[in-house]
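Each chain gets a letter, A, B, C and D, in the order it is written, and its residues are counted from 1.
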Amino acid sequence: MSAKAETASPVLFVKNLSTSFRMQDGRFHKIVKDVSFDVGPRETVALVGESGSGKSVTALSIMRLLAASNSRVEGSIQLGGTELLALPEAKMQAVRGNEIAMIFQEPMTSLNPVLPIGSQIAEVLTRHRAMSQSAAHAETIRLLEKVRIPEARSRFAEYPHRLSGGMRQRVMIAMALACRPKLLIADEPTTALDVTIQAQTLALIKALQDEDGMSVLFITHDMGVVAEIADRTVVMFKGEAVEVGRTEDIFNQPRHPYSRTLLSSVPKLGSMTGVPEPMRLPVFETSRENAETVPKARRSKPGADQPLLSVRNLTTRFDIRSGLLRRVSGRVHAVENVSFDIMPGETLSLVGESGCGKSTTGRSVTRLVEPTSGEIRLVGTDIMELNGRALRAMRRNVQMIFQDPFASLDPRTTVGAAVAEPILTHELETGPHVKERVADLLRRVGLGPDVAGRYPHEFSGGQRQRICIARALALDPKLIVADEAVSALDVSIKAQVMNLLLDLQETLGLAYLFISHDMAVVERVSHRVAVMYLGEIVEIGPRSAVFENPQHPYTRKLIAAVPIPDPARRGVKRPLLSDEIRSPVRPTGYEPAIRVYREVSPGHFVQQWGEEWGNAA
Amino acid sequence: MKRRLFAGMMPKVAAIMLASAGLSAAQARDLVVAQGIDVPGFDIHNHSTTAVEAIFVNIFDYLVMRDGKGDLQPALATSWEQVSDTAMRFKLREGVLFHNGKELKAEDVKFSIERPALDKNVMQNSFYNTIKEVEIVNDREVIIHTKGPDPILLNRLSRIGSGIVPKHYVDEVGWNGFATRPIGSGPFKFVEWKRDDRVVMEAFDKHWRGRPVWDKLIHRTIPEDSTRVGELLSGGVDIATNIPSQDVERVNSSGKAVTKPWQSFRVMTLFANMKEGSPLADPRVREAVDLAIDEKALIDTAMSGLGVPVRGSVAPGLSAVPMDLHNTYLYDPDRAVKLLTDAGYGPGQLSIKLQGPSGRYALDVEMMEVIAVMLEAVGIKVEIEALEWSAYQSRIWEPNKIEGLALIGHSNSLQDGFHAVQRARCGYEFSKKTGWCDKRFDELVNQSAVTVDPKKRDEYLSEAFHRLTDSRSILFLFQVQNIIGINRAVAWDPSPDEQLWMFDAKPASN
Amino acid sequence: MADTETLPGLSPPLVVPARRLHLSPLAAFGLAMLTIFVLMAVLAPLLAPYDPTTPNLRARLVPPMWVAKGSADHILGTDHLGRDMLSRLIYGSRIALSVGFLGVVLASFIGVSVGLIAGFWRGPVDSILMGAVNILLAIPNTLLYLTVLAVFGQSLLLMIIVIGCINWTTFARVVRGEVLSLKEREFIEASRSIGQHPVVTLLRHVLPNVLGPIIVIATLNVAALIILEASLSFLGFGVQPPTVTWGRMLADGRNYIATAWWLAAIPGLMITTLTLSLIFIGDWLRDRLDPRNAS
Amino acid sequence: MINYVIWRILQMIPILLGVTLIVFVLLRVSGDPVLLMLGEDAQPEQIEALRLALGLNKPLYQQYLMYMADLLTGDFGNSLRYNGQPALQVVLERLPATASLAATGLLFAVVISLPAGIVAALKQHRMADHIASSFSILGQAMPNFWLGIMLILIFAVTLGWFPVSGSDKPLSVVLPGLTLGSGLAAMLTRMLRSSLLEVMQQDYIRTARAKGLSQSTIIVRHALRNAALSYLTVIGLEASALMAGAVVTEQVFAWPGIGLLAIQAINSRDMAVVQTIVILSSVIVMSMNLIVDILYSVVDPRIQHG
């Protein structure tokens, strides 16, 4: 494939592309600086970089979708020899959706919620192909079938909200491919999807590319995805294309220090095979070339015999009310009969896809949501019995770190006040000691005490997450529930925060309930892992046991779906599945099946699965 | 329908412009009269407002009726004679038809007059309760018996409360039915009533005076003054009552309409709280207040010159009132200051509350503001409390509720001196408000009520009027004059009794 | 069901430090005018050339000085009782502003309290409070004002109280909606998870974050109340004389539109200017306080 | 859907109870209606008799219970002002006039605000936007009665294009409709502008642009329906303002609807009529809100009332 790409003339040719935006001061600031690359016929080029690297702006510049009033695009963009930047808007409209099509990151918001999906696809056909309504209708159904949407005919009149995220992204793809464009620009098309759905979607794009023979410009931050699909890769950093080359070359011999940082920071699934303990990630400091921190194995000891947290038969359900009298018509079985222990100083990871109940489990354990039944013992005390003041006092022992560092801090409270709040609430320190303690905590998470007077918006995502960790540490908790604590962070930052958590665990003897959907991260930080599916734990055990010897079909599926950031390992053709993540909503009176667990090896339990998994394993 | 309205708007606009230019209301032989208030229904015995009566007169007739000068003229009764001190005989006009074609007979007269006289629950009862019985002599003759001598029986009978209604029709539909679909014998017959909008009447062909020149008479209710003036100027209405004085020039210079003064029997007064403890209990203080108010200036400023200063409840057109109290006033601020000093009040030491309604009488609030300035000029501090009408009414209605001075306007629906003073008798409504009781006054008023001899009666009442004036329990300010606006295409002279009797109106000859 | 709890365009809480509040020209105009009006109200006795309530019977309906027959004695002319329009306007600003601002302060206090409590605790408290909101929302406000003022009389204080007690529903609805969405935000959950007392959480973390929408609504509400006062005066239920109010001046001046235009035009202009200023300020605050515009 | 409507109607009951209670209490603690009924020449005996006849001598709560019992049988009491006619009949008679006025006002508001809002949003910060925005701000800053009087002066008295007042001619409804609709038009224009601007920033609009659709298709097909939600919200919220505005507008134009009736009834303490108006207009407001909610689900398929 890639051989072909280099000989033929490129489909897309971008030269010295610069994009500037008018800022609040009224002047134009360059966001994309002098970027040049090309995309050959049938070739897939990945544009990779972290948030703010200008990769999406580059894509929007190519499509000329930036508002003309406050943006300026310079340089040259040629599509099949036509200079796009010189086209009048009306002509450009004829190019968009026709010769270049685009799919976006958020399938949830990228479809118009008030129009049926069929008509949104048919619209492209009537616009560019001058088809009649009925012809467009028929072609739309063909497209829906092409993107493997089951029962395509009946889906035509469906509205987007009735579809799952994966389905919506398929609709987006169908829409993009409607006119058989020369070039498909895919802007983080799988980032918002669960990992199994991501795998399906990537496979679909690949298959369609082969069928239609189009070129793809693939924008992503995920090195795994890059390795999986890209023939060539453009690494972007602060608006510049710092490295352009064949994907294998960039992965094997990254030349630019930033490329190296990016690659080294990514936890690779399977890289922990044979390592018993969680391990720090290597972090390259981009500013200092070759300043490499050697990854150290961590030896935090899950010491005592007595579990710190002991959860038995935890069940949390939410009522769904409907009808005239607001009767309970169904229940979300968010957490169903879950039991596990966490030892002091140990990390137990809950892993699973959206809707599997992992977050609800975390919140139930701290009683931020009210569990339906079960027993939660923290250092011997049953938390379920506590109320009011006692409950608030208990919270000293368990703290939480949340996914979104931007939402986790009150925008109107200074960092210092945020960190001091728990101290003052529980009257741990008084007077000047509070300040000292806050400074100490901030120092501990790698921030200076001088940041105490600043407001959250002045910090980056990673720094904010550090502040949240400092706040969580303020009460000297024994257990921290980290709910997707690193998921929203950029690759390099993610590594730093993961390392911080590991360091803190060692020095303070913390236990973590680490909730994540990212298998690679989980593999890196956990002592033990529990895989959740539809509110239940389907497999639990020591990390190495679960990852190296997965038993449950779901665990296997999950591990298989993770893209590996290693171009050498790609090409393993996945079957084009279109199964969905199932919903934990049950009718009232639903009795969950009684589950039996089998002990595979010491401490490694797997749920006996039923018919539904069939031969999937 | 809406859609069509807008689709066809532009051509229609043009059409309407042409229409309003070419056709005046007069040529269409419709007469449109606009007032600020609507009728509450057509039960003529159950209302209490002159403006309502002003509409009714076009539908109903009385036994006797006042002419433009206020003199009594035969109407349904062609002649009358005093049979005894307590009985009066009336001969009825022949061939008078009700709007439904039935002839008006003595039994209708008996029925129509005995209801207000004998039914205590109707509002007009207080005006008719001197009547004991109506005796039918024959179809064309009745004798009205009163409980005692009643010198103002004819006054009573020339009011709308004694309008003659068809007995058979009321028997058939009841008073509630009558209230919405009335039948009378007046020059116009009722067609339609849309509440708060319009009463439509059409000419009654067989009216005994002859057919009115107007095909239709429409009374419209337009509460907002400026809108009413706008309608007058745009030709939407032909006659509009209560034109604000500031618009007089505008109306007259418009070329479309003219204004004419419209007499009213209403006299504006200040009721004084002269009960124990009130500073106004001191006659010197009341006199000082009286002398401090420059009625002429008050009329000229607040009322734009509309009004006549009075010292009693008197107006031209009323019977048995001492006209020496008309067009006169006392104003002597220096003496007022001295009186106050004598009474023990230095400048600024006396504080009086001035209560009044807001929006009930023309320019009522302005009146209070000017009065306050005048009182302050002699050293009386004034606190104004202006209330929306019904709140005001409920505030001062109960006895002893006036705190200092209260602005009240009273009309005279019996058009007789007796009615102007009778409520000031001890224990009656006015006396309850002011606290003023005077034996001699009560005696005079009571005497007048049973004295048939007009000369003696006038003497009694004149003395009573002066006693009331001198008591200064009520300070009389001025007789109200209103302004009525009339389209130049209509010839009509307003009568002094505040009635809008449109039989008289004719298209202007030009 | 649609989420009608938040006013579109107002919803997201705000993150803006003072120094980022660039003034737009319109907002600058609004702030300048508001400052002038406030100064006018405060300094009324010093600024007004005449007593606003004393009629001058010799100088009635004098037009403004720049009009023919105008006089420099009365810059903005006099009314039908010869009272100086300029002085009345200056004093009138006191009532306009106090009805507007005090009414809104009271309304927002009630509304914000109700909204906070209802949104934060939900359950039966929420049902009862929102029931009250729905009752008040169902009754056309003007009818309610008229009825209450007709019943209890028409003092300025009462008017402010009545406005406060009726007008709070918007605040309650919006605040409740904000609280409901804030409650989903992780920093509120974080506050719970450190064991903070709910009331403290409410006051320290929820309240400051709903202030933005409150300020915007309040600003626009002040404008609405000034117009309301004028409308009530028009219907005869306004603040009673001799208290001077712009609304009453405008309402009384309506009968002079054709003959002495300045009686209505000048207070009308004042009301419009003040309202415009407040709307400008409100719009500007809305734009500024919206985090989407904060970068 | 039907279940939802029934559910919403059931929800109105406690609200209506609250409404009746508020109005009842307010009016019963007000002045004595009997005095207003009987007029200036009433005798004390008459007053007493009428008080007794109306049950005004009973304790308040008994009067309220009596009233509620009557309401349930469809008896809203009798009008004092209109010689004891049933209040419900008096009010219902006026409803069509107010309904046509409100409908016209709403129509004007929509007809004005749709193009104005779209133009303002599309030409953001340009002349058309400034003009549309200025008018809408002026519309909000101008009291209804003032606008009404000016319209009469200009378009009826001076130009003679429309009738000054009343409701009998075909064009009568234009000026009052415009007066009533102006405030709503202004608010809707502002709302449509800002919600269109907001919608235009949404991802799906970017998608539509990426499909190569023209600007007009994007607005008509993709943006307007989404902006319609907040547009509808405002109409729902302003339903009661429309009813309230009718009071002033009807007074100015002598429009014989329930607004004018309300003023008269309050002034004459015609309690039965005032109560009936308030209850009826609450029902209207709630019904309008219900309609708006149902329209939501027409506009937005995500909302389902099941």
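The rule is short, and it goes like this: a contact is a pair of C-beta atoms (placed from the backbone, for glycine too) under 8 Å apart; a residue touches a chain by one contact, two chains touch by 3 or more.
A quick note: this is a predicted structure, and the numbers were derived from the prediction, not measured.
Participant: Of all the other chains, whose mean CA position lies farthest from subunit A?
Facilitator: The chain lying farthest from subunit A is B.
Participant: Determine which of the two chain pairs, B-D or A-C, is joined by the larger number of C-beta pairs in contact.
Facilitator: B-D
Participant: Between subunit A and subunit B, what distance separates the C-alpha centroids? Give it in angstrom.
Facilitator: 85
Participant: Express in whole angstrom the distance between the two chain centres, defined as the mean CA positions of subunit B and subunit D.
Facilitator: 37
Participant: Using mean CA coordinates as chain centres, what's the subunit A-subunit D distance in Å?
Facilitator: Comparing mean C-alpha positions, subunit D is 49 Å from subunit A.
Participant: Which positions in subunit D touch two or more other chains at once?
Facilitator: 30-31, 149, 153, 251, 263, 266-267, 269, 300
Participant: Could you pull out the residues of subunit C that touch at least 2 other chains?
Facilitator: Residues 150-151, 254, 257-258 of subunit C touch two or more partner chains.
Participant: Pull out every residue in subunit B that's touching 2 or more other chains.
Facilitator: 226, 388, 390-391
Participant: Using the touch rule from the top of the page, what pairs of chains touch, sorted by label?
Facilitator: Taking the chains two at a time, the touching pairs are A-C, A-D, B-C, B-D, C-D.
Participant: Okay, in this complex, where on subunit A does subunit C touch?
Facilitator: Result: residues 24, 363, 366, 368, 391-396, 398-400, 402-404, 407-413, 421-422, 425-426, 455-457, 468, 471, 474-475 of subunit A touch subunit C.
Participant: Where on subunit C is subunit B touching in the complex?
Facilitator: Of all residues in subunit C, those touching subunit B are 53-55, 57, 60-61, 80-82, 149-151, 153-154, 236-237, 240-242, 254-260.
Participant: Flag every residue of subunit C that touches subunit D in the complex, lowest number first.
Facilitator: These residues of subunit C touch subunit D: 1-2, 4, 7-9, 131-132, 134-135, 137-144, 146-148, 150-151, 223, 227, 230-231, 234-235, 247, 250-251, 254, 257-258, 264, 268, 271-272, 275-276, 279, 292.
Participant: Could you list, by residue number, the parts of subunit C that touch subunit A in their complex?
Facilitator: Listed in rising order, the residues of subunit C that touch subunit A are 13-15, 17, 22, 185-187, 189-197, 200, 204-205, 208-209, 291, 294-295.
Participant: Within their complex, state which residues of subunit D touch subunit B.
Facilitator: On the subunit D side, the touching residues are 30-32, 35-36, 38-43, 45-46, 49-50, 81-85, 90, 93-94, 103-104, 107, 149, 152-153, 156-157, 160-171, 173-174, 251-254, 256, 260-261, 263-264, 266-269.
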